[in-house]
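Each chain gets a letter, A, B, C and D, in the order it is written, and its residues are counted from 1.
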Amino acid sequence: MDTIKIGIIGAGRIGRVHAENIVRFVPEMEIKTVADPYMGEEAAELLRRLGVPNIAGDADAILTDPEIRAVVVCSPTDLHAEYAIRSARAGKDVFVEKPVDYRIERVKEVIDAAKKAGVKLQVGFNRRFDHNHRAVYEAVQAGKVGRVNLVKISSRDPEPPSIGYVRVSGGIFYDMMIHDFDMARFLAGSEVAEVFAYGGVLVDPAIGEAGDVDTAVVTLKFDNGAMGVIDNSRRAVYGYDQRVEVFGSEGAVMDVNDTPDNAVFYGADGTVSGTCYKVMWDRYTGAFAAEQRAFADAVINNTEPQVTGEDGLRSILIAAAAAKSLREGRPVGMSEVG
Amino acid sequence: MDTIKIGIIGAGRIGRVHAENIVRFVPEMEIKTVADPYMGEEAAELLRRLGVPNIAGDADAILTDPEIRAVVVCSPTDLHAEYAIRSARAGKDVFVEKPVDYRIERVKEVIDAAKKAGVKLQVGFNRRFDHNHRAVYEAVQAGKVGRVNLVKISSRDPEPPSIGYVRVSGGIFYDMMIHDFDMARFLAGSEVAEVFAYGGVLVDPAIGEAGDVDTAVVTLKFDNGAMGVIDNSRRAVYGYDQRVEVFGSEGAVMDVNDTPDNAVFYGADGTVSGTCYKVMWDRYTGAFAAEQRAFADAVINNTEPQVTGEDGLRSILIAAAAAKSLREGRPVGMSEVG
Amino acid sequence: MDTIKIGIIGAGRIGRVHAENIVRFVPEMEIKTVADPYMGEEAAELLRRLGVPNIAGDADAILTDPEIRAVVVCSPTDLHAEYAIRSARAGKDVFVEKPVDYRIERVKEVIDAAKKAGVKLQVGFNRRFDHNHRAVYEAVQAGKVGRVNLVKISSRDPEPPSIGYVRVSGGIFYDMMIHDFDMARFLAGSEVAEVFAYGGVLVDPAIGEAGDVDTAVVTLKFDNGAMGVIDNSRRAVYGYDQRVEVFGSEGAVMDVNDTPDNAVFYGADGTVSGTCYKVMWDRYTGAFAAEQRAFADAVINNTEPQVTGEDGLRSILIAAAAAKSLREGRPVGMSEVG
Amino acid sequence: MDTIKIGIIGAGRIGRVHAENIVRFVPEMEIKTVADPYMGEEAAELLRRLGVPNIAGDADAILTDPEIRAVVVCSPTDLHAEYAIRSARAGKDVFVEKPVDYRIERVKEVIDAAKKAGVKLQVGFNRRFDHNHRAVYEAVQAGKVGRVNLVKISSRDPEPPSIGYVRVSGGIFYDMMIHDFDMARFLAGSEVAEVFAYGGVLVDPAIGEAGDVDTAVVTLKFDNGAMGVIDNSRRAVYGYDQRVEVFGSEGAVMDVNDTPDNAVFYGADGTVSGTCYKVMWDRYTGAFAAEQRAFADAVINNTEPQVTGEDGLRSILIAAAAAKSLREGRPVGMSEVG
């Protein structure tokens, strides 16, 4: 088996999740260095336990290391583009967390940099690798539902992020529904042509004061005539609720949420089964591992990544259209944000 | 037990379904007369078997019979209003099939006629009485989901109606989604403020040629800030697919489709269970019976019907707004169609 | 459509259930007379409401009426055989509730009487007609599970019967598991060869004092080598729990319990759906109707009933073997009770 | 975090599964040496990849290494006892795969050796650690089902083992149902008092010729009066089918099988979801990891292992009773095999 040495930029929550999954499940990748200027003791301890040999404060420890062939960018969002571009220019294949950036121009710069450098660029839409959503995708690809008429996606988080995060994230369309925009394109097999958004502040007034909505319903029209609908809520008391459904001329395929166990209790007052996962890393453990395996595969076998920079750009464009639609109270065509 | 004598105008499919259910399940109502100018031998035979004593060609046999206290109007749609008004003026309580009419003025005339005559007026939104949808409604009413944030409704039929029907029915919003507009109001506990519709011809080009769409996604904004989404398709190869979901601050409640049986086969190639119902009368048997029991209850105990003329009017207004939204490619406020 | 006039002997709970179902769902049968020496006012009122023309105290009103072609015997259990025999001798087709009798000889006399008189004899194993169990049976008959290796049946009641009933019913094997013995034969497609029973008093000590057990597990060996297992409990706090499973060389087919509705609530503390039915007439409404339709069919079309006197006898023999096994603490071959 | 160095004896399938899971999921244990006299290149390659520093032919490399504190015994079954005893005598805590041995005396010797040496002894009943079975167990322990009346276990494998294995394994009760005997005790919270077994050759005649059965139903009577039933089949075409159910005075709790994904396809011919797992290592991945974490926990924190030598002995005794019951065609009390 071919193996490669990689570096991870950023040792925050998602960086550590990737580190742990790569060590456990991606034997083809060996983490040589993790760099983070603000690395805490807890992170350092975890990385040592995982056997990561180098811990650095500066990303240059990775970017200038000729042994390191690929970089996983897990920095704060506003540095995603910078590190992706620098990694590409250093000739390293790049995995960059989503969103690449919420400025469209900046995303294009990342794509260009990768293209010029001739390196791989994979964007972190982990949900494409979830076993359930993937099974839905594969059923659609296998033609089971025939022509796709409708894609429905529910995506609700257990708790809103901090108000501080809401203020800088770009808002619900950029930091949350972005996953669903990507999923919608992935499942529909067609590009979005037009978007219409409803949104409201139903969960927490502070989110409204921060200039965002916390609940949104977005309908999509695809180039091929199919339609889509996505609903998001910042708070579902019962945990991560992320379901997809594709309806077509030959049937429908849909998934439900995984639960920590499937024991069912039949009692005098009702039949009770477990709630959904309440921690994202539990909900998508397998997906995070699978997306890194896919990245390793693209790097080692020199194949197109399963989620490209173009995919990252498209989802940002849809987010921009949705935000504009909500602001202006009308459907917005993709050409308006292109 | 108090019992009342009733008459049924119209012995088409829905008239016969009501007759059969009333005889079987509504002992408080005794069908004295069924009138239909085009009554076929099959219908007459069924009615005889059900013990209906009088079969008439002319609705006057019902409208002028002082013994008959209530009328169930199952005529062709374009005569609903006329028979409802004549029944009301004759001092009889009225159950009228949906849609009351697709002309808003006409619906108001029916409501006025009933009000003036001081008779009950119940509209045939049978789905409110479905055991599953009703259980969702009751959970919402009981406060289980807390504040309602989102209502989602899927409604797909096994087969499109005839093109002839499409041409005169008023279109998908009036003859099909009308049920879902009513269900959305019923579940949300709030009136619709604004509507946005996407639609397309994805099932059968002939439907498009007849001036209608066969697939539609409509998003709703309610007065209380909640949002809703309804999807309709004229053809789901797997049968009647009608599911509702209400999501709120304290949880979500949703139902799935009933199936003829719940046996499950585990075989080498997969786990297979039964398809949905493919005949509406099988899917909603219990609901049709329950709505007639509710009508009997309102008549006998002099209580407000569970589905009023106002409910009939509101759903027509939403259909009008949806149709306008689709035509004009923009969200339409309810005040525009009021 | 051919129709026949019938009489019902016994207007207790099950007699009234049959009367109601026949009026509602079996148009081929017309109830002319219901006879019960202890008919209460409530029963009489129900029968009048159902349009039954004659209410009698003495079964002779049925047995001597040449217009009546078939008799439904719903008397107390100890009179089942007597009325079945008298009906047969009067030349009338017979539907008799289960158990025919718990004395083997007496059951044989009923079978003989029907044979001699050349009349139909159907025994009231209603569960064979339940939509779910029937779907399992049909999958097995269609060869889906291949060769049958194992039949598993759970059967638990919401509440024990009265101690008075327990004392005279013959015990759990005769009054409760009898249904499951019949179901086991029905599903296995083979006769029982040997029986082993475990039983205990885990629900109510008074049942033990009355000489019975309230919880039992019986394993079966079939002539064809397949095995079976049945568990019974007199009390399941969550309602009627009656599930069957057939496992074979090509797969398994099983059913679950119907519930009054299928709404599911997702809350912070778990996912909750409805409990099983707690009233037998609700659980088996459709089955009671279907068994009477099947009886009408056998009578009118002169076909073999779907549940014969022989079926009634076999289940009694298995009950006798199970009771003997429990008493003697060893497996009992069917030849020992033959 | 405290960590310990361990050795693994045996690098066959289960040894490699443990090695992989320990490296991935049990950071508290560091595998220093894996010993196997017949280690193949594939195994060695895997171990190298997992970072195991020493690969040995002889178990002495482990047993005489003072740095190694605990041993995981994954040798062929007939050497389990020997290596367990030698490990104990060397003062090392022992995890031994099930069955410890199928000779009762030999199992007792292992228990004695561990006791004398004052080391931990954990037996490899991995299913106790499965997330679903564990959730059932915890519901029972939490008192949700009240007093336990009945335990039901289904356990069916996708394919029979080789005939060579059947010939030496001790038979279905020792190599397969042993898991279920342990599970039954675990769930019932009571010891088995008596056993009755039915068995047959329904899957493959060669298994019968090798002196074993391939299908068995065993009923159990527990000391506390509860009953149990276990069914086993050597072949379920739909994959691993392992379900447990506990029924008691306050309700029932049961689980179903996990599937690789939960996508469901609704098509014209039925509703299809995925089959069960067909590879044991996939079905019980989490359980294998959890049992090693539990072992590490017992070793490091000096607590009683969750599955003791006594547990290993009890299940062997029940297997002996079941085998005797099948041979002699009668229930066998545990005192007869003690």
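The working rule: a contact is a pair of C-beta atoms (placed from the backbone, for glycine too) under 8 Å apart; a residue touches a chain by one contact, two chains touch by 3 or more.
From a predicted model like this one, the values you see are computed outputs, not experimental measurements.
J.: Please tell me whether B-C or A-C has the greater number of C-beta pairs in contact.
T.: Between A-C and B-C, contacts are more numerous in B-C.
J.: In angstrom, rounded to a whole number, how far apart do the mean CA points of chain B and chain C lie?
T.: Comparing mean C-alpha positions, chain C is 39 Å from chain B.
J.: Distance between chain A and chain C based on Cα centroids, please, to the nearest Å.
T.: 57
J.: Give the residues of chain C that touch two or more other chains, as numbers and ranges in rising order.
T.: Those would be 236-238, 241, 250-252, 266-268, 274.
J.: Make each chain a node and each touching pair an edge, then name the shape: line, ring, star, complete, other.
T.: complete
J.: Which of the residues in chain B end up touching chain C in this complex?
T.: 1, 23-25, 27, 49, 51, 131-132, 134-136, 139, 144-145, 250-256, 258, 260-268, 274
J.: Applying the document's contact rule, which stretches of chain A touch chain B when the two form their complex?
T.: Of all residues in chain A, those touching chain B are 147, 149-150, 152, 154, 156, 196, 198, 200-203, 215-217, 219, 221, 225-229, 231, 233, 235-238, 241, 247, 249-252, 329-331.
J.: So in the complex, which bits of chain C are touching chain A?
T.: The contact residues of chain C facing chain A are 236-238, 241, 259, 266-276.
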